[in-house]
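One chain, chain A, appears in both complexes that follow, with chain B as partner in the first and chain C in the second.
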Partner chain A sequence: MPDATPNTMIKLVRETVLPDLPADFSTEADFFEAGLDSMGVMQLVMYLEERFGKKVEPTELSRDNFRSGSTLATLVNGKTA
Partner chain B sequence: MNAGVPIFLGNDAILNPDVLIIGGGSAGVAAAIAAARQGADTLLVERHGFFGGAGTASLVHSFCGLYDLPPTLEAAPHVANTGLPAELERELLAQGIAHGPLRMGKVDVLLHQPQRLALFYDQWCSRQPNLKVLLHTDVIDAAVEGNRVTEVMLHCRGRTWKLRPRSIVDASGDAVLAALTKHPWDQTPAAELQRPAYIVGIGDVESGAFSGDGPLKIAGCLARAISDQQLPAAAAGAHFRAGTTSNEAFLTLDLAGDSPECPFDATDARSLTWVELQGREVTFAIIEHLRGSLEGFANARITTLPMRAGIRESRRWIGEAVLTEDDLLESRSSDQAVANATWPMELRETARGPRLLYPHESKACGIPLGALRARDLSNVFIAGRCLSATHRAQASIRVMGTALATGQAAGNAAASHEQKTANLAQQVRAVLRKLESAR
Partner chain C sequence: MSSTAPAIPQFPISGTDGFVVALDYLARSADGRGLDALSEIQVSGQPDETRLRWLVAELPRRMPLLHATLCKNGWFGVPYWECSGDAVAVPIEFHRVSNVTGPETSVIESISTLRRLRMQGRERSSLGPPHIRFDVVRTSDQTWFILMNWSHLLLDGTGVELLFKHMNELWHDPQAVSPQQPVVRNDKPWWKLFQESESCGKHLMNLGVEPFVSVSQGKLVSGRRCCLWETFSKEETAKIKLTLGKIGGDMMRTFFYAGLAARCHQIVFQSRGHSDFSYAVTMPVQQRPKDGAGRTAIFQNHMSMFFFILKDADLADLATTSKVLMKQHMEHLKLKRHLSFNSLQLLTRRMPGKTMLDMVRLAQRGEIASCYHAYTGSFGEGMTSFCGGDILNAIHMPTVNAPPGSGLFVSECQDQLTVTVSYLDTCLSEAETEMMRERWRSDLLGE
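And now, the complex of A and B:
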C-alpha cells in the first residue's frame, strides 16, 4: 500500500474525481470549493479502500474529513475519532 | 381563434401553418411562443402527453444556464437572456413553482417542481392567440425540394397526415428532421457521448437527511454497499437533492448506458430500453437499501417515475455555423449572436460525476444565428440540444436555460420572411433589444 500523505491524496483526487485540479493545489486547499460533491466522495470512499486499504466508517463521513489533502491523509492514517 | 385548443385533424387533413415546431421541450415551447408573438400561425407538436421535455418528462428539477456566470462570489444572480427566459423565471418564482436562484459552487440555478412546470407550459402556450398545439404527435417523414423542406408527415397512434409549413424549427433534441431528410448531422462516438440520467422523485425522507453532512453519509453508505456487492456498481452514479417542497427529493442516477447488446446510442431503441430498465432496477434497489441502512430513510419511497430517461446528447445538426469549445472558452460573440450561452461545458462522458470546463472569463458566449440554421435547408431552424455545435460546445448549450434562449431566437427567425442570415440575425437582435428595453 502507498503512504497516505497530503500530496498522494491530492494526486488520488486529481486522478479519480477532479481531473482539472490545478498543479499548485495546496495541501490545505478545499476540495469542495474545487468541485468535489457527494458523487465524488462516493468514488473516493471506494478508491481509498481499494488503494489504501482504508474502510471509511459512517461516523467518518464528514466534510471536515474530506476537505483537503491534509485532512484526507489524517483520515486514512487513522488519527481521527 | 381557438387559442391553445387542439385542432381536430381527419386522415387527409392538410394544414399549412407558417411555422411548425417539432418537439415541446424548453426550446420548442420558447420557439413556438416567440414565433406566435411575431404573428406567425404556429403549430407545436410534441410526442408525449405534456410539454417541458427534460424539465418535466425526465424530472430534471432545475434550470441550468438561466443566469449569467457570476463574475464574483458576491455578485447577485442575473438572468442571462432577455425575453422568454426572463419571463419564465419571473412567472415561476411569482407562482411558487420555482425557488431560488441558488448558488451551487460557481453557478446559479433555479429549482422547480416538474409537475407544476408541465401545467405552467400548458397555460403559457394557451395564452398565445396564434399558437396551436398537438400532443401525442410525432414527425415521421419529410419531403425536400431543392433547398427547402416542402412537406412533413405527422403521426398519432396509427393516424398520419401531411403539413406544408413555410418554415420549421427542429427542437426535437435528436435532430429528427436531419435524420428524416438525410441532411448532414453529427454524432459523437459511443465512448465519448454524454451519458444519460435516470431521475426519480422520492418521498417520506426525514427532513435533514440532505443537509449538512447528510449527502456524504448517503454517499458513504452506497459506496459500502457497492463494495460489499449489496448494490450493483451502477449505483455509483447516484446523487440526491432535496426538492423545492419539504417532503420531496430527487434521486439522479447517471448511467453508462452501454448494454450487453450495444454501446450507448440515444437514438437506438435497444439502448433506450436498457437505460429505462436499468434505471428503474437500480433506483429501486438504492432506496430499498437506504430504507434498511440509513437514519431518516426508514419510510423512503419512490413517488414519481420519469416518463423517460434524461438524454444529454444524440444527433447534432450541421448548421451554417458550428459553435465550438473555443467559442465558449473565449466567450466569443459577434453581431450575429442571438442567444447567450453561460453554462460551463459540463462533461458527463462517464457515469462517475461531471467535469466542468469554465470560460477563461466569467462572460457569456453569443450563439450565432448560423448555428440555429440548417446548412443546406433554407427553411429549417434548430433550437435546443441538437443545434449545430461540437460535442464539447453541446455540453454547455444543452441545458434548459440556454434551450429557452435558442428556442426564442429560432422561433423569431422562423417567423420572418427574410432569407439572408446576416439580415435575419439583425431582425432577431432588434426584437430582443425591444424586449430588453421594455423590461
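And now, the complex of A and C:
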C-alpha cells in the first residue's frame, strides 16, 4: 500500500474526481471549494479502499474528514483497515 | 441595461432531457398539462413592483432558451430547442392577500389558494414559451413571496435555484453578464453508446424481475396535483442533524433522505395491506456543465440516476435503510453504472417519448419506480437575500405523474429543513399523506 500523506491524497483526488485541481493546491486547501461534491466523496470512498485498504465507516463520512489533503491523510492513517 | 445574448437557432436536448420529455408526454397524455413545478421564496420587507417587472422582462432578452420551442425532425432525430423571432415576455402578476393593504389590484384569499391553483400547471398544446411564469404576493406588511412556475422540460430544481440566484445578481448589478448555456457535445456513434449502456440496461431489466410497487399500481392515471410539506424550525433542524449524526456523517444525507422516501412509502403500502414487496427508489445526482467563463449552466436537466431496490427487511429503520442504500451505491460506482446511465440517456434521447416509456414500463411491469425522490441540498447555496429582502424560507413543490403517482423531496434553506410529499389525489389520500408525515417526524425527530 502507498503511504497516505497529504500530497498523495491530493494526487488521488486529482486523478479520480477533480482533474482540474491546480498543481500548487496546498495540503490545507478545501476540496469542496474546488468542486468536490457528495458524488465525488463516494467515489473517493471507493478509491481509498482500493488503493489504501481503508474502509470508510458511515460515521466517518463527514465533510470535515474529506475537506483537504491533510484531513484525508489523517482519516486514512487514523484507522487503517 | 441588457447584454443581449445571440439567438441560438437550434440547441439539442441533454441526455436527461430525453427522459423528462417522455415524462412530460406521460403527464400531458393523462390530463393535457405538462410536467410543471412550483418553487417559491419567502422574503422580508416589501416587493418593488417596478424593478421586479424590469428584472423579469430582462430574462428572455438575455436567455434565448426562455422563448424557445421544443422541436424534433423525424422519428429518431435528436429533439432540439429552436429559438426564433423576438423574445417572448415572461408573465408576472402581483397580488396581495385579503387582509393586507397594498397597491395590488389582484386580491387573493391566501397564498395556499394561489399555490393550489399554480400547482396544476397549464394546459399545453405546444412545447413553446412561456416556460416560466412568476407571481409576487404581498402576505403582510413585512413579508412577500415570489412563486415561480416552471416547466421541467427546460429546467430542473437546481437550475431554478441558479436562475433565482442570477436574478438577484441582476437586481444588484444590471450590467452583470448572464451565463451562456453550454452545449453538451456528444460525438460517440450509437453503437458505442449502446455498448456503454449495457451495464445500466441490465441492471434496470433486473429491477423488474421481482415486481416493485408504486401508489398508482402501475396505472396511467390523472388527478389533482397536490403537495404536503413541513418546514422544520432551526431548533428542530439542529435536532434532526443530531439524530442523523448518530447513523452517519453529513455526507450521507443523500442516503438518509432516499431512505426516508422509501420508508414513508412503505407505511402507506403496509396500511393498504401489502407486505413483502420490493421498492425501487431513484436517486438523481447532479452533473452540471459550465460555460466558457466557468459559470454553471442554468437550463436543461443534468442528472445521472441511481436505481436502488429495497426489500421490506431493508426498511426496518432509517439507519438500516441508509446503510443498505450506501452499500448498493458503492456497488453501482464500482460498476460505473452512473456513466453507463449517461450513455443510455444519450442513446434514448432520440426515441419518441411514448416509445421510451413503453419500453421502460414493459421491463418494469407497468411501473417506472416506487416513488420519485430528490434531495436538493441548501436552496441557492450561499444565497441569503433576494431582490431587496432577506430570504426567510424557500422550497420546491415538484409535481409528479402516474406511475408512480408520488414523490418525496427534501431541501434546506437558512438552516431549516423542508420535507415535501408531492402526489396525485387519485393515488394517495390525505390520510395517507398524514401517515407519511408522522413517519418522517418519527424518523427525523425521534418522536
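By definition in this document, the second predicted complex is superposed on the first by the 78 of 81 C-alpha atoms of A that agree within 3 Å, B and C clash if a C-alpha of one lies under 4 Å from a C-alpha of the other, contacts with A are read in each partner's own complex, and residues count from 1 in each chain.
Just so it is clear, contacts are C-beta pairs under 8 Å (C-beta built on N, C-alpha and C of every residue); 3 or more make two chains touch, one makes a residue touch a chain.
Model, not experiment: these values are computed from the prediction.
Contacts of A:R63 after superposition on the shared chain: both chain B and chain C are touched. Applying the stated contact rule after C-alpha superposition, one finds that A:M46 touches each of chain B and chain C. Within the superposed three-chain arrangement, the count of touched residues of chain A is higher for B, of the candidates chain B and chain C.
In the superposition on chain A, A:S38 contacts both chain B and chain C. In the superposition on the C-alpha atoms of chain A, the part of chain A touched by chain B in one complex and by chain C in the other spans residues 37-39, 41-43, 45-46, 58, 60-63, 66.
Chain A meets chain B in the complex at residues 17, 19-20, 33, 35, 37-43, 45-46, 49, 56, 58, 60-63, 66. Residues 37-39, 41-43, 45-46, 58-63, 65-66 of chain A are the ones that touch chain C when the two sit in their complex. Remark: chain B residues 105, 213, 215-224, 226-227, 236-240, 254, 352-353, 355-357 touch chain A in the complex.
Across the complex, chain C meets chain A through its residues 247-254, 285-287, 322-323, 326, 329-330, 333-334, 338.
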